[in-house]
Amino acid sequence: MRTGVWLIGARGNVAAVSVVGAKAVANGLTDTTGMVTAREPLSELDLPGVDELVFGGHDIRTQSITETARAASESGGVPPAETIDAVESELKAVDDRVETGTAINCGQAVGDLASGDATTDQTVAELVTAIGDDYAAFVADHDLDRLVVVNVASTEPPIDKPERYDTLEALETAIDNDDRKLPASVLYAYAALDSGHPYVNFTPSTGSNLGGLCELASERGVPHMGQDAKTGETLVKSALAPMFAGRNLRVLSWEGHNILGNTDGLVLEDDDNKAGKVQSKDGLLEEILGYETQSRVRIDYTPSLGDRKTAWDHIHFEGFLGTEMKLQFTWEGSDSALAAPLVLDLIRLIAHADEHGESGLQPQLASFFKSPLSYETHDLSRQLEQLRRYAHQYQ
Amino acid sequence: MRTGVWLIGARGNVAAVSVVGAKAVANGLTDTTGMVTAREPLSELDLPGVDELVFGGHDIRTQSITETARAASESGGVPPAETIDAVESELKAVDDRVETGTAINCGQAVGDLASGDATTDQTVAELVTAIGDDYAAFVADHDLDRLVVVNVASTEPPIDKPERYDTLEALETAIDNDDRKLPASVLYAYAALDSGHPYVNFTPSTGSNLGGLCELASERGVPHMGQDAKTGETLVKSALAPMFAGRNLRVLSWEGHNILGNTDGLVLEDDDNKAGKVQSKDGLLEEILGYETQSRVRIDYTPSLGDRKTAWDHIHFEGFLGTEMKLQFTWEGSDSALAAPLVLDLIRLIAHADEHGESGLQPQLASFFKSPLSYETHDLSRQLEQLRRYAHQYQ
Amino acid sequence: MRTGVWLIGARGNVAAVSVVGAKAVANGLTDTTGMVTAREPLSELDLPGVDELVFGGHDIRTQSITETARAASESGGVPPAETIDAVESELKAVDDRVETGTAINCGQAVGDLASGDATTDQTVAELVTAIGDDYAAFVADHDLDRLVVVNVASTEPPIDKPERYDTLEALETAIDNDDRKLPASVLYAYAALDSGHPYVNFTPSTGSNLGGLCELASERGVPHMGQDAKTGETLVKSALAPMFAGRNLRVLSWEGHNILGNTDGLVLEDDDNKAGKVQSKDGLLEEILGYETQSRVRIDYTPSLGDRKTAWDHIHFEGFLGTEMKLQFTWEGSDSALAAPLVLDLIRLIAHADEHGESGLQPQLASFFKSPLSYETHDLSRQLEQLRRYAHQYQ
Amino acid sequence: MRTGVWLIGARGNVAAVSVVGAKAVANGLTDTTGMVTAREPLSELDLPGVDELVFGGHDIRTQSITETARAASESGGVPPAETIDAVESELKAVDDRVETGTAINCGQAVGDLASGDATTDQTVAELVTAIGDDYAAFVADHDLDRLVVVNVASTEPPIDKPERYDTLEALETAIDNDDRKLPASVLYAYAALDSGHPYVNFTPSTGSNLGGLCELASERGVPHMGQDAKTGETLVKSALAPMFAGRNLRVLSWEGHNILGNTDGLVLEDDDNKAGKVQSKDGLLEEILGYETQSRVRIDYTPSLGDRKTAWDHIHFEGFLGTEMKLQFTWEGSDSALAAPLVLDLIRLIAHADEHGESGLQPQLASFFKSPLSYETHDLSRQLEQLRRYAHQYQ
């Protein structure tokens, strides 16, 4: 079984660190700390080996994966420089398999990253066909048994009235009519699902989160999941909020402030793109707590931090006899070090689902996302329990 | 059904705030925020009403419950002065039902709290009998259907070689032989279980945590549980540690520093008593994480804080590619405001267990304790799940 | 010597707490903690007694000072309810001396606070005359030897092209021509200085910070000072930044996030008004450090906090051998408890300056302000040294 | 002018990073960030160049300076590995000039670091002579015009009754009588001052802090200063405490908790040595605030942190109207990156003092120390002002 991985945004930070990490693990240069699939009970599933994955992808930049990895290493220490040195020729091989993609409707900030002509005079239908052709060529060239498509590109602005695309028919009509409101992430997802490739949306962009695409996935019998990987502040939030709920402590306000210095932060400085990010954090508290509370999430760009992200959360809550109390936390993480192992986990787990004929949304993967499309709960422990149960069922 | 509550340490902070809180809830002066039993699904159980509880207890101090409550109010704002005013006559009534207790083997710091003669020339067997007589008189005087005994007294030093008392026979022989190593908390627990009264140990003291007492509880068919209520830093720890485990992030060190200014803090300044407290926090991380990690919990007495406790925790962890990251939190809570509603919850829930013939240790109550005697897991979410399952089984 | 105090914004939080505090000090209900003038060497100056101050003022609200104080007490515990009770009749007396003011050009958010008609069809010149008449009547009614005018009203938006009013002639021409760009704070300051009343601008609003007003103050020989009291995060900043400079540690970024829940916070939610606030924090770091650094100050409205303000500052700095390090702090203060004693200090100190013929800007008061008009340094220690030297010169 | 530098503890962290740093600056591999003497007005003094310093020293370990530097680099990233590579041959040259020293009375923890026989059967007088001979040989071998002796060795336990050595006569009698209570740091200081070498005590150990040694320094006309470099938490404290004093805000408690993972931390785990460290932090708050306050400084060893030290300080204070407020900070620094540039500063500045005939204690250097021997104030700003005045006097 040869498993291919197609990374949308293959030259971005998350992709670069994922590929470096996969190669480092494959070569025994690092251990699997941070990978959920390396831990029991998931480690007992019959998953594709990290060393067996064949990477390729789309990007709109000409900067190579190695260059991105080196820049990340310098700005945040991840990956370590000696690790990049050790796997450089393998990165080069992956880079040679990166095709130029589209950034249609990704917003000005993402467009600015493009080298040359990311905008296009191709029709939407032509773009979809071209993407599908790239997938097919990769499968053929590398003699793959399965191709997993993963969106790790920079965040697009949210789209207006997504309900317009609630059915497959409406979506396909829009493609045929060259509806230029459709953003790149939707086109990549459409092409993947239509060709039967499992699809994971690691970002807050729309991706497969349209009624029409869910319908397509069901029709084709292909698994997909998203969206917006839960790596930092929101991860902590989803672990802590159930404590307040479980103890009947009333959260009066929950304020969060994130500062970060990587490309993600730069893109989020653009107000349109930030709207996409902030929106995807809504709802978590309300669902876990069972009531609405004052909540705000600020994201600011602080170049000196490089890839390190610091979040400060201030939780003001009330206990018995009207007593006001506080929990504050600061989280100092490396976004790409947190994200990369989850990319590898998701590739392995969605390939497993595909292998076992699990199609459509994959609720067992909910713990990986800020906005799990198979929405049941945001409570991290319950989500992890779902994942453990999934694993036990295959043992 | 009349439910009596016998508080060991009835004039301490936790007891005073619990009684004020119960009366305030009963009179509609405050809501039930902070009470787990006020929240679904527990709120659907047939529990004794907070307004139906009849309080009494033992103490070694002459300071009245009202005086303790007023001092707590002044030093930390809990309970509010106007609430104490409103229930003062009811507090007086409870205070009249407080008998002088024993502080045998409670350590110097606790002994110092005693007004006059808490040490004694009575034999251990005589003490046990006297305690049992106090319970019985209370039941008779107030025509109670059930008496729940709750230990909320200051922390005793841990006892040496508790395995000496691993069987009921050994324990009873020790009592008969006037073994003066037996601490007060054990005598109170023995007298309760022997008379068939459900028993809860809210503190880190030994209480019913002896093989001999577990045997006695089984023999008498009476429920009991403990020990050491999980109110502050450890509560947060048990919510956060599973996140690190679930994501396979390696905790390199977890350092905690608590500063607090109430009697509890003062008693803990005494090195013997602190040993009791620190010990009860051991093991939580190791069990949840699955490996040993550098960990330390400091507790210091800072009088200016009154009943407010602040904890700072610094968690140093490693993710993918050897990346070091950090989570720090500060918790600013009011110990008695956090503890009091749990006292009421435990009274109601152990009464429910007794009513339904559940005897021995009560694993569904594990989430309330730092060192649950029915040890299964320290993971807060799993413990809360156990509690929910218990509730569902009675619906 | 009878000293009058005219508070612009007399029914706002800062004014209310200042008046309650002055009365509490006068009646021996509280000590002088927080008052700089209560400490050596300032305490040795011949300053007007806190108990001798006669308060009056302007406001656009009908809510009484007592009502404001009670609301503040309920939302943040300052002033304590029993203190308000004890001085209530004195508050009432002050309230009777409050005249309806103008909120011209104070922005929508401030205008919304007005009860009824704060906008006006009076000309600017008429407004100035009316204000001056109110000052004069107060002096006459209370037989005052001196009147100090203090602006403690909510923040106005900054004005465009303040250099238009760089000369007294230009400013007076604007008044005569009914230039409706002139904001309320300027009119109050003009009327004060023109009548020879010492003036203090406690807020970020324009106040006396116009070339024309400085000229007027010199001409009339009257002292004035501002602007924007340094109470919280900026105070800490001005104490810490010199440490980095003195040790040649390079600040790479300094990010601040303030959350607060009082009227000030609500007004600052309005983007125009926030611009005024944020702007006044600029420049401090650059001046102290000697170079420009990445810096941002966020201010968000979090109603649950009431009058409590929490700031989180994250300072990323570089030391020897390119080593990156961090200092983070959280400041949890009560804005009005921090501001009120400084209002009393400034009244006493500017009255002292006036008594001793010190006219124009008062550099010895620089430590009180975020943007001292007599700009020399933002370094708190150097500013305090200036104040000590001023005091020593009168001993 | 050739300036020699004799480092007591030449193979420890602070020494190793200082030497690497000096060589890196000399070779233009790093800039002078973190060096106070690189900043105006000190940069205008005629100081010995960093590239002109000739290093040698004593140690009790056999581990080389390069090995120490590499271990530090691995555990905390300071100095960077590539910097060590670039100056390795120069480090080797310094290492060749390190003589075996004595660890007499340095406590068990320091003794444990010794390779082989650091304890001795030499008499104290013989030790002093041997040390002096080492100094003299170094001066002769390298044709030095001046030798500065700097104590950067691990902390010794404090000595009992230091007043025994209050006169030079008493001290010399003790040496002659082989008084084995005299700790190593005193012997090194005695030998330095007696031979006219300027001496700096960078550590909390006794060093030249004995009446007899101050007398000796005066007699010989040689400058000396100490003790205990102010690098981390105490530095911040001395910057912040004056803010509370200046604003008449009452500090109710100031609690500090330091966690660190380097050899220093390991040595401090030993209770005797910790007493030396904790003691040297006493008094700062009381002097700056003008009253006694509840204060505690915890230092714990957390190996995972390597050379990174994190401090959490919790300051509880009271403002106007009895309002309680809080300031908390966390400081995450690299001890050696903070200490090393100060070592270079002190060498240069004490050489300057010696050159200009300034003998005895050097008050202009107070800002560098937690316990400046020339005690005037702990207020950082005032200390820095003293340093600036010193510089201006030579311009």
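Per-chain residue numbering starts at 1, and chain names A, B, C and D are given in the order in which the chains are listed.
In this section, a residue touches a chain if its C-beta (ideal position, glycine included) is under 8 Å from a C-beta of that chain, and two chains touch if they have at least 3 such contacts.
Being a predicted model, the structure only gives us computed values, none of them experimental.
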| item | value |
| --- | --- |
| Common touching chains of chain C and chain B | A, D |
| Where chain A and chain C are represented by their mean Cα positions, the distance between them in whole Å | 48 |
| Centroid spacing, where centroids are CA-atom means, of chain A and chain B in whole angstrom | 44 |
| For chain A, residues that touch 2 or more chains besides their own | 328, 330 |
| Interchain contacts, given as pairs of chains that touch | A-B, A-C, B-D, C-D |
| Contacting residues of chain A [partner chain C, same complex] | 252-253, 255, 257, 259, 294, 296, 298, 300, 302-305, 310, 312, 314, 316, 328, 330 |
| Residue ranges of chain C touching chain D (in the complex, touch as defined) | 17, 20-21, 24, 30, 32-36, 38-39, 77-80, 83, 235-236, 239-240, 242-243, 245-250, 318-323, 325-334, 337-338, 340-341, 367, 379-382, 384-385 |
